[in-house]
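Please go over the structures that come below.
You will see chain A twice below: alongside chain B first, and alongside chain C after that.
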Partner chain A sequence: MITFTIDGREVRAPENAMLVDAAKHGDVEIPVFCYEPKLGNPVGACRMCLVEIEGIPKLQTGCSTPAKDGMVVHTQSERARVAQQAVVEFLLINHPLDCPVCDKGGECPLQDITFGWGAGTSRFIEPKRHFVKPLALSERIAIDRERCILCYRCVRFSQEISEDNQLVLVERGAHSYVATFDGHPYEATFTGNIIELCPVGALTSRPYRFRARPWDIEDAGSVCTLCPSQCNVTLTVRDERVIRVLARDNGEVDDGWLCDRGRFAYPALGGLPATAAALADAPAAAENGAGRITEPMIRDGGQLRVVSWERAMTEAVAGLRRAGERVGAIAGGQATNEEGLLLARLMREGAGSPHVDSRAAGTLELELHLALNEPRLQARVSDLEFAHAVLVLEGDPIRDAPILDLRLRKGVRRHGMKLIRATREELLAGPRELADKLAGAGEEIVVLWAERLTAGPDGSRAAAALLELADALSLGDVEGAGLLEIPAHTNGRGLREAGVLPNAGPGLSDPAATGDASPTGRDAAGIAEELAAGELTGLYLLQSDPLLEPADREVWERALERAATVVAHASFLTEGIREHADVVFPSEAYAEKEGTITHPDGRLQRLRPAVAHPGSIRAEWSVIVELASRLGLDLEVLTGAMASAQLFESVPFYAGLTLEEIGGKGVRWQEREAAGAYPTREQLV
Partner chain B sequence: MTEKLLFADIDEPGLHTLGVYERRGGYASLRKAFSMTPEDVLAELEASGLRGRGGAGFQMGKKVSFLPKGSMEKYLVCNADESEPGTFKDRELMQKSPHMLIEGIVIASYAAGAQRSFIYIRGEYVLQADVLDAALAEAREAGFIGEDILGSRHSLSLVLHRGAGAYICGEETALLDSLEGKRGNPRLKPPFPANQGLYQGPTLINNVETLSTVPVIIRMGGAEYAKLGAESSTGTKLVSVSGHVQRPGNYEVVLGTPSREIIYGLAGGPPEGREVKCWFPGGSSAPVLTAEHLDVSYDFDSLAKAGSMLGSGAIIVVDDSTPILDVALKVAKFYQHESCGKCTPCREGTNWTVKMLQRIELGEATPMDLEIMASVQDHIMGNCLCVLGDAMAMPISSIISHFKEELEAHMERARLRPAETLVSA
Partner chain C sequence: MPGAAPETSPEASAVKVSLWDPGEDVVQVQRAPAPGALRSAWRAFRETARGLRTTFGRIAEGPVTMEYPEEKVPVYPRFRGRHKLHRFEDTGLEKCVGCSLCAAACPADCIRVVAAENTPENRVSPGERYAAVYEINLSRCIFCGYCEVACPFDAITMGHEYELSSYDRSDLIFTKEMLLAEPLERAPLRNEGE
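Here is the complex of A and B:
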């Protein structure tokens, strides 16, 4: 820490913090446009942050001048004020001042800074620079070049963060403008971030354009559940509808970025996978929430038709009664921990069936689950950035968990992290050899592995090899090193820890120990086989459509064909639901949900309802609780908070958690004292 | 006062060939430098007091000494993007005496410990680039460039890179970006190129004339060279004189020569019957001086004291037949056209200034516009990322202060002009 003086007050700030950041420690704001630390080193282009520093003849840019001990800085001196007013005046001479019809109006840094630091009058009477506007930069982004103040943020994002290198500045001087090569659409994975980076209304979201003014909307924080990245988001809500998704910076999760799927798929929120098709007609779908199931339905004469909740419940209860113990349940990856826990209880305690699964990759022995999830072996997301090396094992981060791709790029670009890839075959061929290859890269190594590494008949062998690799690299003993799994589904880790596995109860406990049901159930593939064979007759699908999973499609078709009762919670009539479900409960979208999910690195995050349920949708947990009660099981849950409390009690290493503690940024259970309750392999019966 | 050091043999036929250059004593300085340690060579450069000839006038020896010591990859870049309006001295040097530049680069790289060097030449200098290419081939052939030069264990590669014709690429950091294959935009300083320049490595950047002077200094000895010229402006300077003079051209003068002697003595002064109205002492980006200042000594400090600068050493003379508004508009348009657009004051300020000047020309301005224009120049000066904005603001500002009455008279006249003549204007 150093002490410096700014506008007459003594301020303590971290050494070498740039003045614009250091000033905040003294409650002084230095205005900026181009400065954005997330984009890398400052560029000093906009000149908005000019300040006077005693002993330096010229004004200096606060964004690029580190605070030094004893420095005396003036942001309000005559010279500094004149310069700030001058820059605002310069920026405005070509800016159209069409604020009344601009999406950014009301939440615009240029407006705020003009108000705060501008002279308040205009001396410019010449014609302004003109461009055709607005133009489509892509399907999702509109560009208004007249509004652009050429701060370079979007270009820097494209070149230095997402490294897609598509955005460039063309022409020169006052004629400069942001463009893509030859006008090609800006298509990449993270393009939407430039909308948020833009300090004016030059880059706007096409789906959001003219949907609302900032005073029409409310913000609600939640977590995107469309992939395992679980990026933190702020949902923009108007009239009980989500009309925009923004990133909510969480350095331990998303680093403040959001992928285009998370940003633009909101019309399909709650849809199973946000499909390309859903994305393409996002604007149209946003109009009416097209295709969303909002009422309970039952199959009647081969067709699904809308019925009352009472009728659907009766139907479901009757079906489940008929199936008795011969029922299986599958939880989809967007289900919350609470929903998973309650579903498993409904099956194990209510129906007496051990057949519950949530894992896409098939069964793994419980002791392997326990070993792979061991707290000391778990790497954090931020470790990816600072590790000496990251080994990507059988995964494709940009597809499996896109936001991690940006983190890996950041590690390589800014911290010299070494990125290595290996296949499952290489791992199976010899974990020790693979470890030898990595040994030279440094001590802090993170192995980023995809759940599908442990799929199939060789799954257990691959898991064992992975553990051997971890052992050879001493990942458990080095701070900043470890394993980080990318589950196949969003809440794969949380559902597993909540006990939605055929061979484990809550907290990865041995089901044999509880004695409630026969020790081991069948996994998803097994459930399909038994349904097809007529051994099982009922199927309970919690936000899951097995026909959307590419694996085992044939078996599943036969299974669904033969199943006597299929009860499903769903948001959309996808093929499996449309053709085979007998009772359909309308599902909540994540924006409507209350509950917790667990990030791949063990961070419990909280979903908070941003909008009310459309139609007659009810909370998922309450549907399960009601079904259980009609089947004679009291799950003792009356509110969403009670469901969470039950989860924290049931999973020993979540013990003592509260929703307040999880808060807006989440809590990694491995970093809490209760992590000591994690079962060891020796505790297995 | 003239003294021919750089131009000693400049009109020797065939000087651009290695044979003639060596017969006139070429590459002897290189041999002499290699007989010394790099530290001693550097000491000579520092003793010479040689100030950079590109425009900023920073002491060359000091610049070399700023490079970190050590065995990391270091670069030497010769700035041959001579693009300051009125400046054409490097052109003559490269065209007629390319080996002198090459020799200077090799010696400087030896002193700086750089093993890779580049000449960044403006794209319009086609002939000069071809001459340099040929000279480079000869120098390589003769072993003046390459591995273990003349048994000195010093190695140097030298690449000639042709720019694409942007004024901004003469700014050293924009030049580096352009050389790296990026859009030529200036970088934020610090870090300075001496610490983090080309490809993030320590880089020495010097102008053609500066580097061409290096063999002279080694031949004469730094102390001897420093005896020439004014106190803190040592040695000789190539001055490009253009505009309204009878004998425009490049002249080598000892720094400290009275300006009148250059403009009237060497260049012959304005044509018969005309008077000097104003003159740019150091390229179009220098504030203008008037006839009053003709007796100012032509050196870095005296010109600075007179309110202008020596810059690139390009004297542009404007005589009393030219309306000052034309001068201002020409200058402003050039910088508006060449502004890279990266920083706000330059991008918008140059653009605004041109629009105001055009309005004055058309008779649509009022005296208040002069005040606004002057304040816009003040707002540009010192507030930009690089010096391009200042390069317009300084001359325009000086024109407004020296010629306010003429501008006001023009505005009045233009305002009263009948409408039909305005259309033709």
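Here is the complex of A and C:
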């Protein structure tokens, strides 16, 4: 900590903090345009942050001058004020001042700073520079070059954060403008972030174009459930519709960025955030939300027909009764922990069937699950950035969990992290040899592995090899090292921990211990085989369509064909649902959901409803509870919060959690005391 | 059952009594002494005559009552009646660009604007955007005129129409078309100082 003086106040600030940041410790605001710590080192492009420092003859940029002990800084002296007004006037020389038609109006730093630090008048009467506008920079982004203040933020993002290197500033001086280097549309995985970065209305979202002004909307915090990265988002809501998705900075999850899928998937669905399944199955079909199921349906004469809830419930109950114990259930990856828990209870306690699964990669022995999930072995997302080396095993982060890709790039670029890739074959060939190769990189090593590493007949061997690798690198004993899994589905980890596995109950407990059901449930592939063979007759699909999974398609087709009863919760009539479901309950999109999900690194995060249910959709948990009660099982859940409380009670290492504790940023269960309740391998044997 | 009429319970009456005890606060009402019969008859006559003096004194001026609604009260030019949206006289395009600034300024929160983008085929206003939906809920409007002040394009002004009664509340939600249209009958205007 150092002490310096700013505007006559003594302020204590951390050493080496830039003046703009240090000033905040004394409640002094220095206006900035180009300074954005998320983008890396300051560039000093806009000169908005000029301050007067005693002893230095010229004004200095506060964004790139570190505060030093004993410094005396003025931000409101005559010289500083004149400079600030001059910079604002200068920036506005070519600015079209079309705030009333600009989408940034009302949430625009240029407006705010002009109001706060500008002169209030202009002396400029000459004609302004003109560009063709509006122009599309890409399918999703509109660019208005007249409004650009040349702060370089978007270009820096493209060059230094997402490293797609597409955006450049062309021409010189006042004629400079932002463009892609080859004139093609800006297409990459993270383009939408430049909309949020742009401090003026030069880059705006096309789907959000003219949809609302800041005072027309409400913001609702939630978590994107379209991929396992589970980025924190703010949903912009107008008239009960989600019309925009913004990043909600959480350094431990997303670092303040969003991928384009999370940001732009909503309009294709009529203003409702998508479900991953719908996006996978011909997004065009879901155009404008046309395909969204909002009413319960039953199959009648080979066709799905809309019916009342009462009728659908009766039908589902009758079907489940007929199937009795011979029913299997599959939870899709976007289901919440609560839904998973209740579904597993419905199956195990209500129907007496142990066949529940949520894992795309097939079963793994409980012992291996326990070992892989061991708290001391788990790396955090931020460890990816600061580790000496990261080993990416079998995964492709930009596809599986895009936001982790940005984290890896940041690690490599800013902290000299070493990135190494290896395939499953290399791992199987010899985990010790692999460990030897890594050993030179340092001791903080994070192994980022994809769930599919452990798929197939060799799955257990791969998992064992992974554990051996972890052991050889002693990942469990080094702070900042560990394993980080990318599950195949968003809430893969949470569903597993909630007990949606054929061989484990809540908290990865041994289901044999709880008695009710026989411990040998079948996994998804097994359920398909048994259905096809006629051993099982009923199937319960919770936001999952097995025909969308490339694996075992053939078996699944036969299985669905043969199944007597298929009850499905679904948002869209994807193939499997359209052709085979007998009862369809309309299911919620994530913006409507209430509950918790678990991030791959063990962080429990909370989904909060931002908009009301469209049509006659009901909360998933309440449908499961209602079904259970009609089957004679009281799940003792009346509200979403009660479902969460039941989850925290059932999973020993979530014990004592509350929704308040999870809050907006989530909590990692490994960092809580209750983590001690994690079952050890020894307990199992 | 006649015999079973409940007695007033002692608690109930106790509660009644203790409801409010004026205590020290009791206000004494001062009454004037009651006048005698002769005196009060004189007083009644005198006051009536005083009133009639005004009546007869003005009789020469003729009636001032207006036969509303056949006849309408003229309003001053700056009277704030129901709003009008305007078009450019030359191009016929709407002046409103759908910026919602009026909605932001409105203290009664009775304006709703949903904007959309102009296309070459469908050009509604000169700029990039126009108001696809523009509604004012006149049953909530307090006729403060802040919307007029807020508008950067003079697209909305307060008109002179004040006949806004209706049999149905929902008729008082004025749409863009209604606000753009000339009123069927114009309110008469009076000059300043008239």
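To be clear about the criterion, the second predicted complex is superposed on the first by the 661 of 685 C-alpha atoms of A that agree within 3 Å, B and C clash if a C-alpha of one lies under 4 Å from a C-alpha of the other, contacts with A are read in each partner's own complex, and residues count from 1 in each chain.
We take it that a residue touches a chain if its C-beta (ideal position, glycine included) is under 8 Å from a C-beta of that chain, and two chains touch if they have at least 3 such contacts.
Everything numeric in this text was worked out from a predicted model, so none of it was measured.
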item	value
Superposition on chain A - do chain B and chain C clash or fit	fit
Partner chain(s) touched by A:136 [first = chain B, second = chain C, both, neither]	neither
First (chain B), second (chain C), both or neither touched by A:612	neither
First (chain B), second (chain C), both or neither touched by A:173	first
First (chain B), second (chain C), both or neither touched by A:439	neither
Touched partner set for A:56, first chain B, second chain C, both or neither	neither
First, second, both or neither for A:215, with chain B first and chain C second	second
Inter-chain angle, chain B to chain C through the CA centre of chain A, in degrees rounded to a multiple of 10	90
Chain B versus chain C as contact partner of A:93, first or second or both or neither	first
Partner chain(s) touched by A:46 [first = chain B, second = chain C, both, neither]	first
CA minimum distance (chain B, chain C), superposed complexes, angstrom	26
Contact residues of chain A, present in both the chain B and the chain C interface	none
Partner chain A, residues of chain B touching it in the complex	166, 183, 188, 336-345, 347-352, 355-356, 359, 372, 379, 382-385
Chain C - residues contacting chain A, complex	97-101, 103-104, 113, 115-117, 127-129, 152-153
Residues of chain A defined as touching chain C within the complex	98-101, 105-106, 134, 209-211, 213, 215-216
Interfacial residue positions of chain A with respect to chain B in the complex	41-48, 50, 58-59, 61, 64, 82-83, 86-87, 89-91, 93-94, 123-124, 126-127, 129, 149-150, 152, 168-169, 171-176
